[in-house]
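Below is one structure, written out as structure tokens; the observations come after it.
Chain lettering (A, B and C) follows the sequence in which the chains are written, and residue indices restart at 1 in each chain.
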């Protein structure tokens, strides 16, 4: 093949083309995904948030439960670290001290005074509250303050640090989401898979069952379950139970998608070609059908995540899901309906921003993946 | 008549339709009463338009469509199978000996497998090789025969054009060293020049490996150039069969004649003698009584509307299913009564 | 020569893709006279569909037209520069008005959820000021004219209720209902059975005579061209390489590619000659050869000349036009000898 461009150009060009020709499905999808800015940004944010959730006990200064509360700083405003103020600058960030006194002026309610001269400097990697991580006990946190406590997002009605609670809540919600999605996914694969592969009356029967499950109304179901769950259950058990229920209720949508993918794919000619060689159902499913929709299923999974998280949030918010001391966004929002809080202690809503970001990140990544997942769409004539 | 590798007698393929709960269930008679003998080593053409049943027939011979009635016997000298009643073991063995080349080169290759894996799949599924080296060796062998660049084996189908993909399809069909190949419209989707290339490849492979081809096509010119024997189907029935030269110089069935004359000639000053066919092919769910072609045949008489013609033997392997073929041969000018 | 109906000069068009600017049509020029049937022949990747769509400005948004391209439509004593039509209202004249198009896949061209009749009426109402009942009358007339039985009943039916051949006829009826001066037929018979194809070709020939309409007939089937076209233009990889009357090009092809195409065709009148494919594979449009686009597969390539020089169109003494250095040399020799 003659080409009058220089040899160097030809080589680079050839390498690129060869890479394209030998790229497997995963590589092609990744190449297309990389080109989408929104998706890449979303992916970055998602990774940061997930890691923040996993390492929450280390990253946050205090225990998120009642044990870590600051009795002296109830409904406290956020302490914003500063570097400079009227008294001069310092390399180490610091926060002010707050004194609370009962003031006659406000009818003996608590009034917080800021003492700008009493600086408290931030410390890094201090020893703090105990926590468990991967089964081992640690006490080191990322940062703290030399005296007293620091509350970057303020505190709630009992003095619990909202910053610590937020990150632990991200972790909890993601964990609930993971378990729920996992269960839903396994069920969807099995039921949707059998339905789509065999078709016929098996398909009809399974579809009827799927539709029945789908029409179960969520809130009455959870109310019944909430009543059923004994109070004696530990928070962990409760947490596991809620997650599993979310999975058992959420599989129909995913199952329908799996079934649709299978129904279209199994009529493809290359499947017939394999069958004409005497390929067993297992071989056909493994080598042809599953790879054909793995990318779509991954997209479906990622998109299901925010729904699980939001479902759990909604349920916990109305008190039917998780309860203290287990932390989740829904639990944190339980106290927010009080008009006093709405008017005076707006920092209770900071966690909401984190969750919006988390959900949006999932959605952008899912959308980006969905767009990238069909690299074979434009290779037809 | 040389040994026939495939011999069918009154082969029929009916597909049931959803009908009333009680009473007779309607069927689509996709293939009805087809009896052919495909000689070993021949390049046998099967021609017809849409709805003729040619694809269904080809697939029935590979047991990819159910055989409702009639017999079909495969006999390659080593084994002899009765296709409708084969047991599972026989079927597994038959798959090694009979394969299919698809029409659409874009749909027939799994986009997520490399070319090497696609060609190797029959070997792996049928357990024809024991080690990976053996498989690779056989893949390379057949790829070379099909003129596929060995470097391309690492690539995925999206890297190739229609003609190249068809060659991969062919390689896949041939890798198990079959004796009988059904080529279902294998060149229909290709450009003229690539079509010629692929046809030449098929013929050279046939000579090289001693295969028998059932070449299904709607394109009579292609069939004329590659096949040694041709069968014409209309609405599931066989209407005429003859050696190629004979069919194209002496067509006897009115449909064959119309088909031949409908092909646009390359000579602008010689439009040929177009026997225009009015109307459309009837629906296979509601075929007309008697001869299926009578609704469009200019020579149809009452007998044609009542009775379905049987396949008459004209000698020299030329068979026709038409009540009036003799009259028409003697006097081509007669018209409908 | 009298004013051509449509005059294409130096049409050059590239597509913006992830891999860069891909040239699809390269300096294509041709004229179509009123009432003339021009066949545009080429294999896949030749750019024939893209060229045809340019006449109606139907190419997708990533199409980049070279500013020197010009398409002029001469209709109703007006000379319209197609590229100057920017607003949809202005473009209506080339889309369904003076120019109409029929496609290869009639199933894909009709909206599945609207009846055929409604779609035909819609086409008429957009392009004229007639009432709906008059539009319905004309539509039913057209359906009869194209040979569809029971047209009044068929008018209210949907596309899936028609067979392939009838759908194609209905599409012809719809395209012709606005009485266009130019019909672009993009592979209209490729998806049809050969007997139905014969019917549709006859229909188109009759309509050309009756409506004095020109047709740009795009196909890869040279037999169909032989029977319907007056003029033929052959395209390869975006370039027009040969032009002439259909008799000249088919009987005396000047370009090696045209000769190669004719050699590769299975002909019923000659069953003995083996099929000769054109050597090699068509290059990817990302990899367009320099010089003459065909030189990588040409059996009579002149070597470095053909690799570097892009051949211009020359007209030989019979009025045939070809873009080939070898043909140029032969023509010059002939002139010298004469």
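The definition used in the following text is that a residue touches a chain if its C-beta (ideal position, glycine included) is under 8 Å from a C-beta of that chain, and two chains touch if they have at least 3 such contacts.
Predicted, not measured: the structure shown is a model, and the values here were computed from it.
S.K.: For subunit B and subunit C, what is the smallest step count along a path of chains that touch one another?
M.R.: Shortest path length, in steps: 1.
S.K.: State the pair of chains with the top count of C-beta pairs in contact.
M.R.: Contact tally peaks for the chain pair B-C.
S.K.: Go ahead and note the Å separation of the Cα centroids belonging to subunit B and subunit C.
M.R.: The mean C-alpha positions of subunit B and subunit C differ by 33 Å.
S.K.: Where the CA atoms of subunit A average out and where those of subunit C average out, how many Å apart are those spots?
M.R.: From the centre of subunit A to the centre of subunit C is 56 Å.
S.K.: By the touch rule stated above, which residues of subunit A touch at least two different other chains?
M.R.: Only 381 qualify.
S.K.: At which residue positions does subunit C touch at least two other chains?
M.R.: Residue numbers touching two or more other chains: 44.
S.K.: Among the residues of subunit B, which are close enough to touch at least two other chains?
M.R.: Expected reply: 162.
S.K.: Taking the touch rule as given, give the residues of subunit A at its contact with subunit B in the complex, in rising order.
M.R.: Touching subunit B from subunit A are residues 20-25, 268-270, 272-280, 283, 287-288, 291-292, 375-376, 379-381.
S.K.: What part of subunit B is in contact with subunit A in the complex they form?
M.R.: It comes out as residues 62, 64, 91-92, 95, 99-100, 102, 104, 106-114, 121-122, 125-126, 152, 154-156, 158-159, 162, 172, 176.
S.K.: Which stretch or stretches of subunit C touch subunit B in the complex?
M.R.: 43-44, 163-166, 193-199, 201-202, 220-224, 226-227, 246-247, 250, 260-262, 264-269, 271, 274-278, 281-282
S.K.: For the complex, give me every residue of subunit B touching subunit C.
M.R.: Touch residues, subunit B against subunit C: 49-50, 161-164, 191-197, 199-200, 218-222, 224-226, 244-245, 248, 258-260, 262-269, 271, 274, 276-278, 280-281.
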